[in-house]
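One structure is given here, and the rest of the page talks about it.
Naming follows writing order (A, B, C, D, E and F), and every chain is counted from residue 1.
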């Protein structure tokens, strides 16, 4: 039996259309707009002014606090203006707009392709480097990586788990990264292990990527303490609590962080970014983005500079198809629908999915028939139908009692519901409100 | 709002005493006044039932009634009906506890030869629509008992019981879907018949 | 490209739908339908048609004219209620009673609560029990099954006979031993294929089990409720039987007769009226099993499944309140 | 065995609320939440038991002796009313925590038909109960009341979340639910 | 007097007296201090102890009345309204007459002024939409039109206009309870003093974008052009983040700002129709008129059918 | 309050059964037929009116702490009077109504009116109030009884109106709840509309 989490989950059609497409480098656009808030936490503070000339990799916005991250210029050119631009959040946010001129990189960055395996540098220095490079989790949540590497007092990391699951349908960026940059990633993992002072790391990979599993299994022989763990194809295998349960059979307590059970989870992309930052001095200003969708002409995986407009990326894949209904940043289960293609690619953009109109529309909502399918599929053991009802009726106390805050917003419940009820919509609403109530209570 | 009297120990007790006493006195008088009518009403009921279940008579069976003791606790009252001092029938107030709900009380009238003349239901709590079909006004089921020649019933299963429903190898058709009530009715009749035999002696 | 559509995640929806599930259950009932028509002929067809048509019609009329909501009849749940109600009736029941049953099931049992998904009690069983208590005579006169004969064309004038459970009740009431029961009822093989008296949908054990397997394969229902009902019936009657084989019938007899299979597979599993968590489902199933046997053996009714399911339906809110699914991570939290 | 029969009969077969229609007002009034229903049931068990014991003694040793059975109603209700008040006063002082749990339900019990009803039934000549049997009968009846009420409260809490049509919302649907619950309980009839 | 009567009287009175004595003794012995107001309230209540109020017993209800902050959700069906108002009197809880506040809608962006660029397809709830993104139009401040405020109103004072897709306040019903203000995720609704004779002037817009962007997003947005600010002689208008705000306490209802606003963002409510203006001023008028006409014709053009469709659509979804 | 309003509110706006949900046990327990409902209603009305009269007469003499016990004794006396009288003159009806006659004592309707109205008002008003409430109660019982009788036994006031068996449930406990539920829904809808 393959390892997996104990309860719930769904298996949507995988649709990994771009699975075998090599990473292509997307040409640098004429203008980029780089949001200063590409991560969870405090937005970064802009350090450049209008008309300043910047190089690739130069800092343009400084971390605004502990949970925050530096932003580096992804291009070289002059700062055109600093203005509010709609980003993937759907709201206007402060961004640095740069007119591109040439492609001049910061001198410190090592641009060679050569693999550097050895590192001899202390744990603190690693973390410092990572922090300076503005690395955030590339698995979706964009949580600043250096914070995760500094476990709070009283906790001790025991294992590092690398999330190569990529359980979202359509997305393939992690998959291709593991195939093409496997070795670099493994070095990155060793660096992370050193930073965390652990000697065990697992790479969890879903069983639908046999090539990545064999490739990495072959490679890990040369890296001490790293094990490749194939896991069952089951959404949301990539959720960190689920992955931890599947790989090391520990349950992160309700409301707790992975570190409570001695685990730290990082995405494969993050590991690769760590490699580049530490061994090549390259800050985080580009990433692999999958562009995909059933009607997209050339689905593929592109290495994209942050700040590039999504429309440019779509253009590279053959343009916006005629019957487009929805454009999603991320996968179909957790991604965010965009209201315009004029938004910049950012650290959290793992893929752009274009859905045809007929698949985009939600169906008519019918009454809950209490079929318990949502209960069956909820990986957190919640009762989504009940939470939704409470959400609709604004019964916040009941929601809190029913552990609404444990919901990881995986959307399995909405997916499984035969009555097409917008369960997660209301749960999210309730989570926000309950969260606000709890915050208000704790400040009292 | 009317002014409220403050409570003190004395006035509490006194008032409650007075109220209770007045109430009790009033009730006692009402009781006195209704005592006889109540008794009368009860007798009337028996009388009416007796009138139904035995042939014509001209004595007062109620005043001539007597209690018959069978077994340990069983007490049945019987009412002899006489025409010109000649016994024309005996009405027996009988009961059964094997009905569907609580006790069933019926009056069974016998002619001196041991035939059932007629029956009348006095009291029962069987389900309306099912068990209550034993009442005359709710169906003609009890017609079966009119002139039932009890002494000549064949006791097919030799259990010594004569009045039985067909399910128990007897001769009586049960009320549809209310075998239990029917069985109880038969049981009461049987009890009355046994009493009758005793009186005969 | 016209206006982009924006909605919260997830953007992909599963292929399940209420309609699919309901029609799936209807499909699973087809074998049973054939067997019942095979044994009860025209009567079965008449009762089924009148129950299904009147259920659908009542639902349509009530949604349209009283609740003034969007019509929901096409989702198949009304037809399913009608069919299951029919399966719980004797095949010679007068049509007007079938129609009243459908009215009670849909009107009182379902639409008074707001229609699909809102009713706490199983509508078909509400209809059935209502009829049973209101017209006990008609509801307990069972035609004899008569495969392949010209009698099949009879509807009201067919010969009647007792059901095995009726025989059981009679036997127990008369204090006779179980061996005398064996002579009066068909053997188990006959029972399994459906050659016995009773409501015409409950007789066909074999066909019902085919339906169960189909629904399990299609993931329409899970095993928890049927298995816990049948299991608890088997265990409970098994204990009684082992303790006193003279006065109690054996477990197989209890499982094959009466509505246990129909109830366990198709009626207790009704989503709307059953618990939401797996643990809850098992408790619910055990409750139904035990109550059924208690009513069968000690109660006034020879058959108890309908009542047992209704009683447990009433307990479902409490079960849901106290038997939650196991939360992820909860245990660790408590250990701390 | 005799006691078991009394218990089963009083809880399931002849359930006070659902079959005998006693105590219907609190059954509807205090069943909006399971928690309250449980508290009320506890209070009813307590009062019904004590009241039945006291009235039983009163009947057998006073009313029957002086042959003034017709004063039954008035004496019983006086006893029950005073008893409830007494229990309330004492409980408040002696065990505030228990009072918190039960006390608030006590006043409601005076006008609960079930208490007087059960006390009256327990002395009915047909049953011919002795004191112990009467007590068991009272306890079981009260449990039957509580059981029905808790189940009903669960159903009502559930109905609150459902999409009940406008005209039926609230009390009407509660009655229909009670009716269907009674219908289900009919399944127990005849168990003896 | 005969025996039965004697026995009756003795029994019943002694039961009565014994009860009274025991109760008195117990109530003395087991006295517990309680808020005396509870007794007072209990006295007013009918003591039917029927549970009709939802609380077990009158005393409990009295306690709840005394302890809770408001009597709004408390009602005794036996005593009725009169009883409840006496309770309120005892507890000194009559609502003191405050300055009447009324809700105003600070968004004027009906669909014909504010083009929809996307279609929202999630659950129909304003907060859900605004948590997700800025909204179907280019104005990220405006009303999203899903009626959460109207649902929050307990007094039937808000409804959604199917044509403008904006909430409309029925002033007569508005109690100024603040529920809609809390409900609206976009902070569209403001409680303002109802004003003399219910006359008010306010800016019906909260768009903080720069003029050009605002105007592009919505034809009736406040662009922060400062014309009104300059016009106002009473310092009632402040402009911050390209948005004007009229201070209700300073505004004297002179209505000058209303006329100068080029986008019609300033609303006047319950003011009498303006006297015909001297001819000179009319050159400004057409523009203003155009706006008004726009709304009018839009309303007329939308056939009834469409309105129904709209509702149907929403109903379908919520069902 | 006008006399008329005191009298009529018991029928509609404050109907004991349909609106205030008081006295439900006899309402459900005795309404197997219209006649039974009528009988019960009249008995209750009698007690209600009489106790209202007495309570409003003695209201100022009763100390507060024993108010309730005293009222109960007064009510219980009238109940006993009804009991005895019925036993003497309508024994059949008495038997049918059985337990519910003594239970009039605890009918919250009566104590409620005594407390809420009679103990604060003039005798004449109290009579009107009692009559109105009582007749409203009687009306409700009769309606419920009539519906149950028609559906359950196929007759009304013991006059058969259709052939064949009625639906037995309506005579039994479940039917009582269900019919009352729908009647209340109906009154809700009707009173809201007007």
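Criterion: a residue touches a chain if its C-beta (ideal position, glycine included) is under 8 Å from a C-beta of that chain, and two chains touch if they have at least 3 such contacts.
Just so we're clear, the structure is a prediction, and the values are computed from it rather than from any experiment.
**Student:** As a teaching exercise, work out the groups of chains that remain connected by touching when subunit E is ignored.
**Tutor:** Excluding subunit E but keeping the rest fixed, the chains that touch end up as one piece.
**Student:** By the touch criterion stated at the start, how many steps lie between subunit A and subunit F on the shortest route?
**Tutor:** Graph distance in the chain contact network comes out at 2.
**Student:** Please identify each chain that touches subunit C as well as subunit D.
**Tutor:** The common neighbours are A, B, E, F.
**Student:** So which chain is the furthest away from subunit B, centre to centre on CA atoms?
**Tutor:** For subunit B, the chain whose C-alpha mean is farthest off is A.
**Student:** Counting C-beta pairs in contact, does C-E beat E-F or the other way around?
**Tutor:** Of C-E and E-F, more C-beta pairs in contact link E-F.
**Student:** Taking mean CA positions as centres, which chain lies farthest from subunit D?
**Tutor:** Result for the farthest chain: A.
**Student:** Indicate the whole-number Å distance between the mean C-alpha point of subunit C and the mean C-alpha point of subunit F.
**Tutor:** Subunit C and subunit F have C-alpha centres separated by 41 Å.
**Student:** Suppose each chain is reduced to the average of its Cα coordinates; what separation in Å results between subunit D and subunit F?
**Tutor:** Averaging C-alpha atoms per chain gives centres 21 Å apart.
**Student:** Between subunit A and subunit B, what's the gap in Å when you average each chain's C-alpha atoms?
**Tutor:** Their C-alpha centroids are separated by 87 Å.
**Student:** How many angstrom between the C-alpha centroids of subunit C and subunit B?
**Tutor:** That gives a centre separation of 44 Å.
**Student:** Would you please write down the residue numbers of subunit C that are in contact with two or more other chains?
**Tutor:** 4-8, 108, 114, 117-118, 130, 133, 136-137, 300, in rising order.
**Student:** Going by the contact rule already set, what residues in subunit F reach two or more other chains?
**Tutor:** Residue numbers touching two or more other chains: 21-22, 64-66, 68-69, 73, 76-77, 80, 84, 108, 111, 165-166, 168-169, 172, 174, 178.
**Student:** Residues of subunit A touching 2+ other chains?
**Tutor:** 90, 336-337, 339-340, 360-362, 366-367, 386, 422, 425, 428
**Student:** Going by the touch definition at the top, which pairs of chains touch each other?
**Tutor:** Listed by label, chains in contact pair as A-C, A-D, A-E, B-C, B-D, B-E, B-F, C-D, C-E, C-F, D-E, D-F, E-F.
**Student:** Help me check something: in the complex, which residues belonging to subunit C touch subunit D?
**Tutor:** It is residues 66-67, 108-109, 111-114, 117-118, 120-121, 126, 129-130, 133, 291, 294-295, 298-301, 304, 306-308, 310-311, 313-318, 320-321 of subunit C that touch subunit D.
**Student:** Taking the touch rule as given, give the residues of subunit B at its contact with subunit F in the complex, in rising order.
**Tutor:** Residues in contact with subunit F: 1-8, 11-12, 15-16, 19-20, 23, 26-27, 30-31, 34, 37-38, 40-42, 45, 123, 127-130.
**Student:** In the complex formed with subunit C, which residues of subunit E make contact?
**Tutor:** Subunit E reaches subunit C through residues 116-123, 128, 132-133, 136, 315-316, 319.
**Student:** Once bound in the complex, which stretches of subunit D touch subunit A?
**Tutor:** Within the complex, subunit D touches subunit A at residues 161, 163.
**Student:** Could you list, by residue number, the parts of subunit B that touch subunit D in their complex?
**Tutor:** Spelled out, the residues of subunit B in touch with subunit D are 20, 23-24, 27, 31, 100, 102-103, 180.
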